[in-house]
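As written, the chains take the letters A, B, C, D, E and F, and residue 1 is the first residue of each chain.
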């Protein structure tokens, strides 16, 4: 991917870290399905299905782990 | 998300940590499905299905890991 | 949850740790489905299904990880 | 469980560690389904299904992680 | 596999790390299904299915973890 | 298992580590389904199914983590 979208794992706080985890999770999809049109078409399929939403939340949780470690868990 | 909902990973004890893990798990869903109305409608779909509940518990378990590490496992 | 059910991650040995991991896994379900009546009704659905049991065992495995780390892997 | 089945996470080598991970994975099932008769009846359901076997292997992989860490990865 | 495709886990930055995680995820498939013809035939099956894409993103997230650790989270 | 198949987690480089992760993943299956005849019969079931291949790749990714840690991420 020519575009630069991730230059650091460090964030100012845990919420920003969580939101970056969401971005990583979406980029994991985007690399496999680059078409925004297809991704938009698929959206209702998972955004209105409980198990799909749980699965999305799980990917976010996994991506959050190295981000939290990177920032020393924002212990201050 | 403009709202500030996560300012620290540190909690006073493991139960508070577990409950924060539940919050993270739900927020992972909320970012994907922001409509409270839709989430409420989906609730019976997973809250009365054994495998869905196991999947939810798994996301909580994953989210609990960095929270436990952040607080030094509350070793006291 | 008003009730206090988790005051420490430390256990006397690995088996107690494993059993606490089982408790965490069940609490992950209980927070989402607080009704004991519903949980009991769902029990045969997963306790007699091979894949459901594997999934439950996986949640226990994930919950066991921070408990093992908390107790220094009971190396002592 | 009154029976004592896990007194240490330490093993003499990685293969013994892997085999202990298998035991932990099975115990994660046994705590939920204590009936040996039911577990035996379910066996063909997953032992002859590719995805079920992959799922079992995944639980073993997760259980292997703390065992490997406990023994310092058997670096010798 | 005779071909040399992975000589280091170190990358110049997190985006390169994420892209290497994607490569590891694909190689995990390739070792099991070496036929490029079969893999290409299967592509629409997962690239146009929301849950399949979430699953792919999850594998990437797991592979990203040791890559991030290897590079010290690119803390600079 | 009487046969000795895993004497060390250490490998000369990351590719050998990845290939050992594949072996661990397969052994996790073999301990549950020891019959080579059955495993061969199941092969097309997962080798030509996209989601099954993703699941296999995920197990490899999990097994790769302790192997990478064991070898200090082959940082050289």
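Just a few scattered comments:
Everything that follows uses one rule, which is that a contact is a pair of C-beta atoms (placed from the backbone, for glycine too) under 8 Å apart; a residue touches a chain by one contact, two chains touch by 3 or more.
Source: prediction; values computed, not measured.
Chains that touch both subunit B and subunit C are absent from this assembly. Among the other chains, E has the CA centre that is most remote from the centre of subunit C.
The distance from the centre of subunit B to the centre of subunit F, with each centre set as the mean of the Cα atoms, comes to 31 Å. Here the spacing of subunit D and subunit F, counted between their Cα centres, is 15 Å. Put simply, the C-alpha centre of subunit C and that of subunit F have 27 angstrom between them. Within subunit F, residues 46, 51, 55-56, 58, 62, 65, 69 each touch two or more of the remaining chains.
A ring topology is adopted by the chain contact network, closed into one cycle in which each chain touches exactly two others. From subunit A, with subunit B next, the chains follow one another around the ring as A, B, C, D, F, E. Chain contact summary for the complex, subunit A toward subunit B: residues 13-15, 18-19, 22, 46-51, 53-58, 60-62, 64-65, 68-69, 73-76.
Of all residues in subunit F, those touching subunit D in their complex are 1, 4-10, 24-29, 31-33, 38, 42-43, 45-46, 51-52, 55-56, 58-59, 62-63, 65-66, 69-70.
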